[in-house]
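To keep things simple, chains are lettered A, B and C as they appear, and every chain counts its residues starting from 1.
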């Protein structure tokens, strides 16, 4: 193999790569926060059959789960152009990620909620608790334990999927990697470093999630 | 015949069998009684080589069970075992459960295997359940299936590990009846059991296990009706209340 | 929107169909190869001691922690440097299959682990050899548990196949891109593409849910 590795160029550009990683992180965090808010609303609409929102929710969920993320991004970036809406790469990717996250999280929330036996509700009510108290002290805490792991996975998914920003010229980690390597022609070195950075970010996120869960959930589910 | 000579068995640091000596002749029924943790189930698992032993010998029809050259898979064809939790195969019907091993282990043709399986299933009273899935049956029926499944391999010896302990009381009788039938057939059986009255009725010999050793052994009359050792008496008085 | 499909000529339709065919082809290859490899690795992990398990686990972990698009770019760059001239289908298949394998191995491992050890003890007591217990008892039982998750991964692969366009493979989304740049009608074409993915994925996911419900009984 006739290849000389030139790592110094990559290290020189580290600050810009880190900047890209930062963009990756904040687009993912934002997409989760917004996705969660929307998912809660959609889940409530779905479970309580509030027309017409429950039908909107169903359609949203099925489209989000049955089409590729890249498709969502293209729709946001190119498709909306037909309506005169021109989003920047960042916003397009954000919109797409929020759309998909909300879709998956609705099912997560619904599943988590429905997995709690109704006997929990009966038992708490017979102790004299109001509905609000039942949800606040008994139902929601248990639900949170069950959705914690899937939500962590969804967050990791968002981080990895944000890499699709490279295809619409967004300046997250992959996009920056692409830009920098095209200037220096050290494609292999740059992408190896990018891969490594994604790996580290993912591991850190999972590790922190595990640590937090130990603190939060001292008892068993 | 089965010879058990000075068998010692430990799980890590915990010694569970501390020198067991026992013989079981062809056609004989031996019941093993004792408290939990006394090692009785472990002994059965050592006989059919599911567990290994640290010291001693177990000889079945002249074959040393734990010798490194012994083909244990082949040996297990002579030893049928039924467990406390019947462990029926949930993905197969009753008939398939019983016919599987004769076909793939003994190498019988599908028709031969099915005919043997049907015979044994009828023998234990499951003649009308051939195409039913085990999970749809009661514990007692699943246990009888487990017995028929083991019998289909035409073993020379049957080992029973507390097969009625996990059953609802009203289902115990049908399983014990099956064992009575086997006894009449002349099957050699070692049963680990809590059913003392049953043990007294069907056994040729009874062994009382206590803390890894055989405290007392003899005929049912000697061990159950007139126990000599104090430990035996204490155990029986607790169990027979 | 009145002239919905007028800009599309017969050539274009053929073009799109090639895209569809390529998407289906590479998805099927990745699912089949990924499942077979995932089954083997998942089985090995389920039966191994914790050291082998941890070692295999960390390798698979890498495949699941780096975005697919980065893996595709990296691998094809690497191949290029080595001097080989691999066509995008082969490169894409290799990367997508390994990526699928990483997820499939978790599915299979979970399935094998979920089969209670008593099944093995009962089978061995009947005289079965180790491999007979695997083939006739443990594996069939685990398949029932595995199916829904397996289907989930398979459906993801179909969607992820869209990314292989990055290394020049003309799958559906890429062919549609070219059409868009020519006809300047992004919305209609994208919607058509979206419908295609949906039509493949949705019925399969419904089937998966149906199977799951049946098994829970």
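Heads up, the rule we're going with is that a contact is a pair of C-beta atoms (placed from the backbone, for glycine too) under 8 Å apart; a residue touches a chain by one contact, two chains touch by 3 or more.
Small disclaimer: the values here were computed from a predicted structure and weren't measured.
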item	value
Central chain of the complex, centres being mean CA coordinates	C
Pair of chains with maximal C-beta contact number	A-C
From chain B, the most remote chain by mean C-alpha position	A
Cα-centroid distance, chain B relative to chain C, in whole angstrom	47
Chain centre separation (chain A, chain C; CA means) in Å	21
CA centroid of chain A to CA centroid of chain B, Å	56
In the complex, chain B residues that touch chain C	48, 50, 73-74, 76-77, 79-81, 83, 85, 87, 89-91, 100-101, 104-106, 146, 149-150, 153
Parts of chain C lying in touch with chain B, wherever the complex brings them together	118-119, 121-129, 132, 136-137, 140-141, 144
Interfacial residue positions of chain C with respect to chain A in the complex	62, 65-71, 73-74, 77-78, 81-83, 155, 159-160, 162-163, 166, 173, 177, 180, 185-187, 190-191, 193-194, 197-198, 201-202, 205
Complex interface listing, chain A residues touching chain C	1-3, 62-63, 65-71, 74-75, 78-79, 81-83, 156, 160-161, 163-164, 166-167, 174, 187-188, 191-192, 194-195, 198-199, 202-203
